[in-house]
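One structure is given below, encoded as structure tokens.
Naming follows writing order (A, B, C, D, E, F, G, H, I, J, K and L), and every chain is counted from residue 1.
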Amino acid sequence: MSGHVYKMIELVGSSPNSTDDAIRNAIARASKTLRNLDWFEVLETRGQLVDGKIAHFQVTLKVGIRLEN
Amino acid sequence: MSGHVYKMIELVGSSPNSTDDAIRNAIARASKTLRNLDWFEVLETRGQLVDGKIAHFQVTLKVGIRLEN
Amino acid sequence: MSGHVYKMIELVGSSPNSTDDAIRNAIARASKTLRNLDWFEVLETRGQLVDGKIAHFQVTLKVGIRLEN
Amino acid sequence: MSGHVYKMIELVGSSPNSTDDAIRNAIARASKTLRNLDWFEVLETRGQLVDGKIAHFQVTLKVGIRLEN
Amino acid sequence: MSGHVYKMIELVGSSPNSTDDAIRNAIARASKTLRNLDWFEVLETRGQLVDGKIAHFQVTLKVGIRLEN
Amino acid sequence: MSGHVYKMIELVGSSPNSTDDAIRNAIARASKTLRNLDWFEVLETRGQLVDGKIAHFQVTLKVGIRLEN
Amino acid sequence: MSGHVYKMIELVGSSPNSTDDAIRNAIARASKTLRNLDWFEVLETRGQLVDGKIAHFQVTLKVGIRLEN
Amino acid sequence: MSGHVYKMIELVGSSPNSTDDAIRNAIARASKTLRNLDWFEVLETRGQLVDGKIAHFQVTLKVGIRLEN
Amino acid sequence: MSGHVYKMIELVGSSPNSTDDAIRNAIARASKTLRNLDWFEVLETRGQLVDGKIAHFQVTLKVGIRLEN
Amino acid sequence: MSGHVYKMIELVGSSPNSTDDAIRNAIARASKTLRNLDWFEVLETRGQLVDGKIAHFQVTLKVGIRLEN
Amino acid sequence: MSGHVYKMIELVGSSPNSTDDAIRNAIARASKTLRNLDWFEVLETRGQLVDGKIAHFQVTLKVGIRLEN
Amino acid sequence: MSGHVYKMIELVGSSPNSTDDAIRNAIARASKTLRNLDWFEVLETRGQLVDGKIAHFQVTLKVGIRLEN
């Protein structure tokens, strides 16, 4: 019998507060509509600047989802 | 309140005419079924050759889509 | 008339036997629910170790799917 | 009429407290002498260790600046 | 006697029309204030989407400038 | 029976007009002396600047050639 | 007389709280058994998800250690 | 309480038979002297050729080892 | 007296059976017309899908050839 | 109190003699007009060939400059 | 009229003395049989160790060759 | 019977004189305590600047060590 298969999706989360909160916001949004979220990997960290200050941190993630057989 | 979350999808557009048209064709196809397309990034440019000429330019894109809350 | 457009999805297949079987398992799972699978590319090869032996090979793939017009 | 042109500069910010503060310190320093800072991208995260503890987090950033026409 | 020394700067040009025009716009803006531009390299091609269409192509370039002795 | 084998060669094409023409010029030159050209991939896009203008676009390609059995 | 020589080791730290704490935990563990830790570089940031929430942040580091002569 | 810490080591396994056996040989050798091997990642696949045939497949791996507290 | 000089060529081998056979087929084809093949490195692993199954594994290799003095 | 902030600039040095001299020439040119040069990183090594010989080694560097508070 | 077309070849030069001599040896060997060598780029620097000393530096180069029209 | 297994370690050597000497110093230090050093690969070349001059070249290496059976 074969092992599990996972699907990877790519998300960008954002937060005015921190890079970790940008990750948490992306995961929270994904878990509203998807089950069996298994792990994530950070691909890129960026941010928007307004008036010389950080308006939003933006973190690009891959999220691994375990598919049902 | 948290910031926006985006989903990235990956597409390959093709065109017999130009790399820019290959990009436009991928975006046009995506906008038939998806709303809130926000930006794209080019990942790879390739092409098919027939009889020593370029039959199709093929451009691989990531497209960012703003998710509704 | 414009050329074809393809969508890329990313999957992780696993197998206790071999890296090639991990690829085959991911493709077999995708073909249950998706038509017009066209090609794949290997992104990463990993594995889980239990008691000093390979419990599962895990191969991450991009799979290209031809979209209908 | 043509679109905007941006200049990218590369900075390394540091902080004894956190990676996010290292980013904020680099942006704060840049905004003392430069206007129209638009976005940043993280290139690298490093740190210095003293007596087995983190003395400074160091984050390398690209910062995008909108040029006036 | 030693050889030439070059400085590299990084620019993002944009255009509503084409990727090549985005490159030309960045070079045109740089040549307003800088002499001895020698070559460029494309680092990244992106674009902004509005109403399912490409509003701007955005091309990130490194530009090499020959320094006077 | 085994499948096809391909050889990859690497070319740099140039054009004063556009990146797409630089690609076409490289392919045209290759097809003068080589048969069975099958596909190409763009590796790098550069250009030479003279008097603040683009003198030549230069595109580096890998070209895949199907070998006869 | 020659300069210093450093050895690099690679560690993965984890924390339920933050990416910075995952880094701190890896450094704390290394400093229990190793002297002369000099700097670190972040290679990768990942995490495990349980019930739609982040169970652990996992950060992969290279750590530079100054060797005694 | 903090999470686990892992050490990564890098190995090259070889085999005259297959890439999978080259991986298995590296893991078998590591498990002779190390406990708590947890996962591996393939970094590179190479091989030596003798008389126009593959004498050895050589696979470079990172192996993750769970450190005891 | 100087050391050896090697030339690298790039090949794509294919096989309906396995990634290792795709490598072997590329090497077998090269050794028909070239002497002094010394080593190979895998650059990329792909495959073609037909009717939801793997029709061909395709492996891109660099092959090192020792040049005669 | 926050830590230091550094600016990175990118230079290409050249020399008819050696790669190390190409690095030294870039640093010598930078130190004519800039203070507080702190470290460099090599990004790329190239060279120009004339009549089958190396006319110039060309080394691309990032140079880190400590900014005054 | 179109611009020049270049072919890139990949070579590994070696030398017991220095990395620069490994480059020079590769170029010297290429210029025995090829005309119009135009530039090179260093891809990789390695070496063989015997009895705890460097037996050979080995440098992998791409060399650009101007094709005649 | 299976083939050899190698362990890779990562070192940073430094020298006030040249990049090649920085490599030699790292190898000399490693050969004081380790046997069966087989090859090295250069990962990164950096340096420290003092008073506008190069104080140390620093070269990061992977070194391959043949393990006894």
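Just so it is clear, a residue touches a chain if its C-beta (ideal position, glycine included) is under 8 Å from a C-beta of that chain, and two chains touch if they have at least 3 such contacts.
Everything numeric here is computed off the predicted structure, so don't read it as measured data.
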item: Chains touching both chain C and chain I, listed by label; value: H
item: Chain of greatest Cα-centre distance to chain H; value: E
item: Chain A and chain F: spacing of chain centres that average the CA atoms, whole Å; value: 38
item: Euclidean distance of C-alpha centroids - chain D vs chain J, Å; value: 21
item: Mean-CA-position distance for chain G and chain F (Å); value: 44
item: For chain B, residues contacting two or more additional chains; value: 9-10, 19, 28, 30
item: Chain-chain contacts as defined at top; value: A-B, A-C, A-D, A-G, B-C, B-E, B-F, C-H, C-I, D-E, D-G, D-J, E-F, E-J, F-I, F-K, G-H, G-L, H-I, H-L, I-K, J-K, J-L, K-L
item: Chain D residues within the chain G interface of the complex; value: 18-19, 44-49, 52-54, 57
item: Residue numbers on chain G that touch chain L, as the complex places them; value: 2-10, 62, 64, 67
item: Touching residues on chain A, where the partner in the complex is chain B; value: 9-16, 21-22, 25-26, 28-30, 56, 58, 60
item: Chain K contact footprint on chain L (complex, rising order); value: 19-20, 23-24, 27-28, 30-31, 35, 37-42, 63
